[in-house]
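The same chain A turns up in both complexes below, where it pairs with chain B and then with chain C.
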Partner chain A sequence: MTATMSPEQAQPVAVESTGRRSSALRPGKSRVLTGVMVLYVIYTLIPLVWLVISATKTQTDLLSTAGLAPGHSFALFSNIKETLTYRDGIFLRWFANTLLYVVVGAGGATLLSTAAGYGLAKYRFPGRRAVFAVVLGAIAIPPTALAVPTFLMFSNMGLTNTVWAIIVPSLVSPFGLYLMWVYAEEAVPQELLEAARIDGAGEFRIFWTVSLRLLAPGVVTVLLFALVSTWNNYFLPLIMLSKPNLYPLTVGLTQWSNQAHGAGAHPVYNLVVTGSLLTIVPLIVVFFLLQRFWQSGLSAGSVKQ
Partner chain B sequence: MSSAVQAVSHRRWWSNRDLRGWSFVAPFLAVFALVFLAPIGYAIYLSLYREQAFFGGKTFVGFGNYTDVFSDGKFWEGAVRVLLFLAVQVPIMLGLALAAALAIDSGRLRAPRVFRLVIFLPYAVPGVVAVLMWGYLYGTSFGLAADINHLLGTALQPLSGRWVLTSIVNIVTWEFVGYNMLIFYSALRTVPEDLYEAAALDGAGALRTVFSIKIPALRGAIVIATIFSIIGSFQLFNEPNILRNLVPNVINTNYTPNMYAYNLSFGGQQYNYSATVAIVMGVLTAIIAYVVQLRGSRDAL
Partner chain C sequence: MKIGHRRRFRRLGLILAALTASTLILAGCGGSGGSGSANDSGGTKASPQALDAALKKGGTITYWTWTPSAEAQVKAFMVEYPNVKVNLVNAGTGNDHYTKLQNAIKAGSGAPDVAQIEYQALPQYALPGYLVDLRQYGLDSLESDYTPSTWRAVHVGDGLYGLPQDSGPMAMFYDKTVFDKYHIDVPKTWDEYTAAAKKLHAADPKEYITNDSGDPGFTTSMIWQAGGKPFTTDGKKVTINLQDEGSKKWTAVWNPLVQQGLVSQIPGWSDEWFKGLANGTIATMIYGAWMPGVFESSAPGGSGNWRVAPMPTYDGQPATAENGGSTESVIKQSKNPALAAAFVRWLNNGNGIKPFLEKGGFPATVKDLKDPSFVNKPDPYFGGQQVNQVLTAAADSVVPGWSYLPFELYANTIYGDTAGKAYQAKSDLNGGLQAWQDALVKYGNQQGFEVNK
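== the complex of A and B ==
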């Protein structure tokens, strides 16, 4: 990418940004603009509101009452209970699987891309340019194009139908590496590393005790994006796993949804709806709690393009 | 191991410490080689062979599978469909994202933080759940489409052959406007304050500021967002594949190239041909992404 502005210009505003505009430049509030944006917000919220309302309905009400109107009875708690206990509590199993894939997969991906991004940003070693070219090229490769060959390879290695089939591919995030690289260039001053070296600290100790602290906002950002992509992962587990007790939530939910069709159809719409709601909530909570981080990290990533 | 030897022989050019950089990068590269490079290599290998139907074993066919893909109507049907999807969906999505980012950045909205959060919200919704939700909403027996038809006497059929691609455009747009909005918004926050002050001194109005300062400052972010969106469009799989369960007669197994590759492998056991389709799609995607990047960079100079 070409640099449209120099880092010196961009750096200071990247992190602290709110309230920087002087009042002279601050125009009055526009009702028209706010109104138009409210319309867009309504569009954004309709499916989610529908989901919340529908999770309070029994299956009969779901099929017979209007989508955005309440049902005849408030069945949220019985729906949740039924979702969690249906088929010996397989939903909880899927939930635990998802947590495992997310913690190990996204956690590992963050660790690997943080170390690698830092290494690329702060050391001038031979082959650095080659790494850059290969990883940037990898961003352009659609992961799903790799999925089928990866499946065949893993199948030969006996890895399909194991948790490793999901965890190992999740460990690599070229985009995370790119983000950390850009972030580390600016967040860790070279002088600080030199000072630590003069004090006699080894390179790994410097990384763990000095640099990692400075990289923290970028690390949280990469972790959040890795978290979303592993939590939402569907294609990979769909092809890698055929045992329902290894499924993550996404694949499990579609399986429940598919029960409504075909021979021997046994629809469980209320469980699909409630299960979907339970799948969304944790991620939304995490995003709300960690807003500060993903927003500042993203700014740093957008500085250099 | 060998890095120590290297370090000695290259001491003149690289200090020992710089070579330590490799040890930070090596773990990433090892996994990267396993899940990126090896499958690419394996796919290329597979694409050069063909399974023998009757005798078992495989024969080398060179580029035979590739010439088959290029003359395969089923492949092109899906490829043309994702191109059409891309041409319509990407501008709509990025246009909405840009408008939202500019509106939130303009300082003329009440409660801009609320708008930013709510518009970003769908990104945290798993794609699968988004499709299940919209799938229900599109339903004409129950769901919102049914309610609207009932209320207004219309005959909306979002999942009919005519409308299903539009319905998919809507789902993908709903999911990703917020993510792109955030990329644009973050880039806008890095525009130096003095530029706005200078523009105000020159008497530039709000619109003038948008077109002369903000949009040029966003060029890099727009190029990046376009590339990611193109890659995403070419990969279109989740949405049609899940909706297919609702309307198996409308969405066929080669609706998108990705679905085609998937169904060739898992429905037809045609692994070699499936790998070829995957490679061709990967190369096409990379070429288009590269062209967009070149154009974007050239315009920026």
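== the complex of A and C ==
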């Protein structure tokens, strides 16, 4: 998914730096930078183009024709049909699992990060600095390094091989919390909160009706990050789950891909490729729908003081 | 409540990770071998009739496998024994499957009743006492039904830890169109094989006699064929000698091929490799007898091009090794081991064999290997050649006396990082094997074995 993010990210940066150099308000034009941009766009789009083209090929064509050239027959629809029905339609089951993990996991993570970040930004209480240190420390530790200890803990609690093994860890998003914290510091003026309190609103009402609206761009940013990381979550479900019925798409597709190995090998690359394409479609849709919020969320706070 | 839990989780996780991540990871991944012993041969000895009774009584068992014919087999089984319900689970292929199996066994619950285990992985599960010794159900009486090499493969020490599902006596699969095009004779010895490799690559630099980028399964099978016995296990005592006569005999043949760039570096089972099967840039494949099924299901583009010949040998006399192959074993965690054992017996000694063969499997049972309708069946993929004549003959000439390491799966995973470097650098494979051995000795001793002591 970084493929679709990157152009979005790169564009404002490029414009900004040319603007600064010409020290004028109109955006300057630079052939070199435009050229670099074009190359970058091609670089990020080629894997996607490859994926789309490959999804139209049969297993035989995949192995006998060049990657970016079309196959001998157009098999996209038969591939999709086969992907959705292969092994009693387990792909759909994986799709539903992924949706569940994303809605509950990423949704919950966003909610918790927002509430916690807001609370840490706007309330003074003992232990705040300790929490700050823990959150910063948590960002520094890659989730992969925590996967095995998490597995051992969950295994002791008898939670492996359940949906909770995936949902509970994805509820925790130190980076989201930190982002919401910083964002809430800037986006919600203390004066506004005091005004609301004088008007007699309770703290929860202030959070839900006043602050949350001001925090919306930040919330969308956190939601998108959580969404992408939960959607692409691979290592944790890989070690937590052994029931194929609970797999998310990432692990399921890897299983299909790995069956092209050893005695009894039965490669279904066409289904792996088509399945991958189907897997990223929802993410692309979400990005298109939410990118406006997301962009404003990225730049918000960078100028306001 | 929920939030309190969450915080505790996170803080605990953080503290654990920050302070002891490395030790925990070690504890999580290691500690598989060594502890415990295979002491389950005792206990009450049940008769084969007990298995029949279990089948009659019925129940539910879970079966983990990636065998392509499993679905058909389980269906047929449940038709025959309507009282028994078999939950078929494909938990992954090869290492994915083993990781999950190991985790479930360690966790104390969630393991299947019956699991597919490759021969090379069997000691790793049998030695710590994870598997049921099937002698207690009298299945050791089935010895004469199987080829000697597969029967040996399902034993660890004296214990019987499964029944052979298939066998993989090695043969040489070659692309006849390529051999015809460059007027090369099908090699019978390794010297002829090397000569063919040179001639082929000289005629067209895009063509390679075969591919090898460092495949531990292939290496061990090649050493096996050369008469090497680099791994011996006696209780906790393990000896590793990858510089024995057989190992050196193999590297003497393979070194020049690798060093002169006569074998392609395409990794086996990659999509490029499947391409090679279809378009003839890889001219021979030396693999187990299960390979025809792979060809047919995965490289329809190569249909008609390929033929089978006996594996080249050092002296022209037939000699081969096993490559791959699996058993089905009963996991100790099973709550109904008698029913599980009965299912294994049905799968690999009863009516389960037929659906297995129909999906292109290669049997381990003598009766099926001798069955004229199997042996003489022409295979259209191989241009009508009666491939099973070659393959069943190979089953009779497996060099005896081989055994795998009690931590073979781990050994396989580090092969690329140690011996694999020699392939990339096109340097002496003996040095690579020595590096592999050093790493294995170190690991084995850490796991509580006494390696080379």
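We adopt the following convention: the second predicted complex is superposed on the first by the 265 of 305 C-alpha atoms of A that agree within 3 Å, B and C clash if a C-alpha of one lies under 4 Å from a C-alpha of the other, contacts with A are read in each partner's own complex, and residues count from 1 in each chain.
Heads up, the rule we're going with is that a contact is a pair of C-beta atoms (placed from the backbone, for glycine too) under 8 Å apart; a residue touches a chain by one contact, two chains touch by 3 or more.
Since this is a predicted model, take the numbers as computed values, not measurements.
Residue contacts after overlaying the shared chain place A:78 against neither chain B nor chain C. In the superposition on chain A, A:243 makes contact with chain C only, while chain B stays out of contact range. Taking chain A as the reference chain, the count of touched residues is higher for B when chain B and chain C are set side by side. Of the two partner chains placed by the overlay, chain B and chain C both lie in contact with A:112. By the touch criterion stated above, A:34 is placed in contact with chain B alone, chain C being left untouched.
Contacts of A:168 after superposition on the shared chain: both chain B and chain C are touched. Residue contacts after overlaying the shared chain place A:231 against chain B, while chain C stays out of touching range.
Touch criterion met: A:287 reaches chain B, while chain C stays clear of it.
Residue contacts after overlaying the shared chain place A:60 against chain C, while chain B stays out of touching range.
When the two structures are aligned on the shared chain, A:120 is found in touch with chain B, with no touch to chain C. Residue overlap on chain A between its contacts with chain B in one complex and with chain C in the other: 62-64, 112, 134, 137-138, 141, 145-146, 148-153, 168-169, 171-172, 174, 239, 254, 258, 261, 269.
Only residues 59-60, 62-64, 87, 112, 134, 137-138, 141, 145-146, 148-153, 155, 158, 160-161, 168-169, 171-172, 174, 238-239, 242-244, 254-255, 258-267, 269 of chain A touch chain C when the two sit together in their complex. The touching residues of chain A, when paired with chain B in their complex, are 1-2, 4-5, 9-10, 13-14, 17, 20-22, 24-30, 33-34, 36-37, 40-41, 43-48, 50-51, 54, 62-64, 66-68, 112-113, 115-116, 118-120, 122-128, 131, 134-135, 137-153, 168-169, 171-172, 174, 177, 197, 203, 207, 228, 231-232, 234-235, 239, 249-251, 253-254, 257-258, 261, 269, 272-273, 276, 279-280, 283-284, 286-288, 291, 295, 298-299, 301-303, 305. The residues of chain B lying in touch with chain A in their complex are 10, 13-14, 17-25, 27-29, 31-32, 34-36, 38-40, 42-43, 46, 96, 100, 103-104, 106-110, 115, 117-130, 132-137, 141-144, 146-147, 174, 177-178, 182-183, 186-187, 189-193, 196-197, 200, 206, 216-217, 219-221, 223-224, 227, 231, 234-235, 237-238, 242, 245-246, 248, 258, 261-262, 265-266, 271, 274-275, 278-279, 281-282, 285-286, 289-290, 293, 297, 300-301. Residues 3, 6, 9-14, 16-18, 21, 24-25, 27-29, 66-68, 89-94, 96, 99-101, 103-104, 106-107, 109-110, 118, 166, 168, 217, 269, 271, 274-275, 278-279, 288, 290, 293-294, 297-301, 324-326, 361 of chain C touch chain A in their complex.
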